[in-house]
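You will see chain A twice below: alongside chain B first, and alongside chain C after that.
Here is the complex of A and B:
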């Protein structure tokens, strides 16, 4: 049975599950490092998914859809930045509010703009093309799964090493970490914590928006109500579990991606979908229990 | 300390001038037309009581807050600092009282933060480390640039702060209460560094309220009182008495001699107290103490030698692994904090912010805390607001606590006022045993005098007082006896009248290590 589980198709479904979570989690990681607890990834991803479909359908271009998603994610995330950084509000309360708003707003807009309920599907929506990296994509088994991807997915994978180097070796990355740790110390050295935090939150909005675009223009070509379906929450957990480190975050996202991929496969073998859909969340629960202390510590750090 | 190199003649000129600096806050003028003149290459002390406006003045100078009026001149030129960045660019460096460091970054990363050397778009970490090592070597500030800041002791952190300023080519170095958190040894090392900086032509502005340090180190002194600069003195031509007079506007007597009468019956008795720590040696190893009525027992110890564990065991924040604590014949070793307080134990904790008060709670509530169940504060089992307010008002007046109103959260108060709230609450209820832990740390000379007077009153009323202090002069001024705690054991008992600070300092380092250099004396 196991040999039947591990094959090209499984790897492919793992990648499909992995990419949106990874993008959102990398955004959350940047916020975490800047000292803003980013819990609105779910809502931003959903907004991104909707905006991507709307943009693509309106202009007939996948690129426009992706850009719309990034801009929409960034704009909505600024609500969080304004509320927490400028006004000193509670990031958790605001984040949850954004998530609820995103769910309601997209459900409302899909009916208003497209006159449908639940799912909007149309040949006019241009999806993202996968492109193959020459030579590498011809490798057996991993070739097609890892090197035949949408541009967004390729970007997500490239961002892991890029953000790693940026966070720990570049001046701006080090400054961001400093702002997250001791904003008042950064201020005395001429680094503006408010500006840094705004940029970090906006970056997470862009990345979560792109994650949404991957969902609605990459994994499928349609928008359905609540199509992020908890992936943003899993991304929040991945940030904490991965200790806000790019490699750690990738590892945590892989864990969830594999869980979802296996769940998908088990469903194909006859298990009820209610059980298999729950698999990633069961993994989340276990991961949270294992990382409970760390979770608490991170919360304390960001609350301080 | 080395011989005093206070040079009379300097390549003079005024490095820094503040003219007519005024800053008003609602209801208070923090700085009222303050003038300050600092000459090139001098160490200039700024002294004043808490709330005299020292920190406001320095924040204005460093561009953290804008003044309402007045101007800042550097080398004769008028500057306007909109942010610390402007002040840094103009050659100012500030070592804040609470260090502004990033715990998870290395020393080198902390130093270059905001002004990083770069190579191919990334931080040139090798160059950063070299630069830091070079500055450290030049000024005798020994640090390892590759260490993470969170792993370093306070004295080293301060060196990192100084290196930060020097890395940014600060000609003028401002230090806000630099010795408040240092051990005597670290303080001596800092003074050597500051003198070396002065030799190299740096100008140093040194904010403090410890007069011994002013006299030991500075060339000139500016005294602030109630937001105004009331005196500018040449250190060599003044003394502690004159400075204190300017600071407080009155005569202050800081030497309380111990009571001459012999202590009465034993009120606090500690027998064989033992506190273990995991694998290491015990934190307290069989401590025996007796404190009688009308006696102040001083405990001298370098931080981390068991004094915290001793205090925690006495007040009920920790259960000792062995031994007994007896108050007025009653064994309280396993009693709750509340039961101990009912038995007459009062506690002035070292950390007035976290332990001594609740910052977000009102002044009224902080003064009431732990007495709220007493019948005089209750009416039909509810708090009697009138009685509570009357109590708070009486203490605020009696202790000259400067606070806007009963509802003011105490977190907004200055250190001296906050400490008076703690002392008022603990002393007011006629304790049988008073445990005073660093009762005057970080408060000004006026408040020190006031708190000392209260401690003496408690003593004379027949209480047993246990005084833990890092200030040896304070222990000598107040104690009937001084015991030295070293690595969890009592290693000696001294008579404060016949023991000098060197002897105590030596005993505090442990007899076996006494051959090395003892801590110097600055007083």
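Here is the complex of A and C:
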């Protein structure tokens, strides 16, 4: 059974599931480190998915689509930054509202701009090409799954070590962590906490936007209503489980990616899709229970 | 509030109207949202006046009023359901899952139980409530036993709830005569009747009024009501003061899930008559209810008013979609903008004298009772 499960196709579907969650979670991690609780990843990802398709369709270029997604994600994320950082509002309330705003806005725009309901599919939408890294992509089994990816997927994987070094070895990364852990002390040392938090939230908007672009231009080439379908929430959990550390976050995302990949495979073997769809969420819940981390910060935020 | 006794009645009324309505963050946010709507309609090449006229007419005239009231019922009950834990500082994002699981359980009773209506309908609603409570209990005990935040687990459990009910109506409880994943229709004995009110509104409206009234009275007049408000304001103080915060977490979540499950049952046995996979999720009543609770700051009678308002936005939006070519999702956007604006603490300053329902920075305490209002008044 296992030998039938583990092969190139499985690795490929794991990567398809992993990349969007990983990008969004890395964005959430940056916010967490800056002391902003970011639960609007789901909505930002959806905005990104829509903007990517809209941009690609309008200009006929996948690159433009990707850039549109990044900009749109950043712009919408500023609603969260303004509400929490400038106005002192509740990050959870704002996050929930932004998720619903994104759902309404994308459903409104798909009908208004493209005159369709539910799904927008058109040969005019240019999808992302996969490119092969020479030599490495010829490796057996892992080669094509790991080294023949969309540029966004390659970026996501590279970001893990880059963010690791940046957070813990660079001056600006240390400042970011300072703002999250000791805002007053950071301010005393001349770091502007407001600017830092805005940048962190905008970065999460860009990354979640790219995650959406990977969904709508990489995994498939279309936009469908609510296509983020819970991935942004899994990313939120990945930040918690991975303790806002790039390697931990990658590990958590990998767990969900494998769960989804195996689910996809089992569906191919005749298991009802309703059961396999639930698999990543059930695995997430089990992982939370097994880890039994004391999620003090979240519990304090929810004041229980 | 003590000075109001010395003010003449007409001035008191004016104060209440001006301060309570115009000056509230709610009014400011609604005005702001409507302005955002104007921009969105204009940018997409339509007339805002025409669109809003169509919306208001669609929401209140002719069969519009009936549609608005029918739509408001599940929004209000979901609002109250989520308000119960929310008042104690617990955020239940799992209303959808609790509604869906309860909805299917209640529907199955309404289909299978061979008895007269006066037995079947209550049995179905109670079963729905129990199933919803069980689903909510998973999150509640997850927090009290394993320290897993309810915020996260309740949300995640929405997806297995969808999958589980989807599986059940696709296979064991499927109607073999239709291609969609759906139960058989609820027989007449299990259907909640309509009342000759506003041109045919479900009798569930009585349950809605009872739920709102009971929750309001419990909040104002009972020890648990006082204790939940205290926990919402400051859970550490509450614990120190002898409140069983753990028990409270479980209890409020159970009631929350129960009302959500009952709402799900009503939506099938009172409206659609079949549990169709994805139907209850697509309705988004759970999320609209959450927004309503946020707008009403978890006060039951205010939830009723806010629920009718959001229902009017939605039924008006659907009517607008029919007469103009503006998608009704505009209403969803407006709802979300209202809450973004409220959470960001936008308040128009109409008032010149003191007494602020918001604190000095203009920030609104969204998840806690306000400082100025005595707990007894919540």
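A few points about this structure:
Assume the second predicted complex is superposed on the first by the 292 of 304 C-alpha atoms of A that agree within 3 Å, B and C clash if a C-alpha of one lies under 4 Å from a C-alpha of the other, contacts with A are read in each partner's own complex, and residues count from 1 in each chain.
Simple rule for what comes next: contacts are C-beta pairs under 8 Å (C-beta built on N, C-alpha and C of every residue); 3 or more make two chains touch, one makes a residue touch a chain.
Just so you know, these numbers come straight off a predicted model, no measurement behind them.
With chain A as the common reference, chain B sits beside chain C without any clash. When both complexes are overlaid on chain A, the residue A:158 reaches neither chain B nor chain C.
After overlaying the two complexes on the shared chain, residue contacts for A:8 are found with neither chain B nor chain C. Shared-chain residue A:142: touches no atom of chain B or chain C.
In the superposition on chain A, contact is made by A:272 with chain C only, not with chain B. With both complexes placed on chain A, chain A has more residues touched by C than by the other of chain B and chain C. In the overlay built on the shared chain, the residue A:94 is in contact with chain C alone; chain B does not reach it. Of the two partner chains, chain C is the only one touched by A:289; chain B is not. When the two complexes are laid on top of each other via chain A, the two nearest Cα atoms from chain B and chain C are 7 angstrom apart. On chain A, the surface touched by chain B in one complex and the surface touched by chain C in the other have no residue in common. In the complex of the two chains, the chain A residues touching chain B come out as 165, 169-171, 174-175, 177-178, 181-182, 184-191. Residue ranges on chain B touching chain A, taken from their complex, read 62, 64, 83-85, 88, 94, 96, 100-105, 109, 113-116, 118, 121-123, 125, 164. On chain A, the positions that touch chain C within their shared complex are 79, 82-83, 87-90, 92-94, 96-98, 100-101, 103-105, 107-108, 111-113, 230, 233, 236-237, 240, 272, 274-275, 277-278, 281-282, 284-285, 288-289, 292-295, 298-299, 301-304. Of all residues in chain C, only 40, 44, 88-91, 93, 142-143, 146-153, 155-160, 162-164, 166-167, 170-171, 231-232, 235, 245, 249, 287, 290-291, 294, 326-327, 329-333, 335-337, 339-340, 342-346, 361-364, 366-368 touch chain A in the complex they form.
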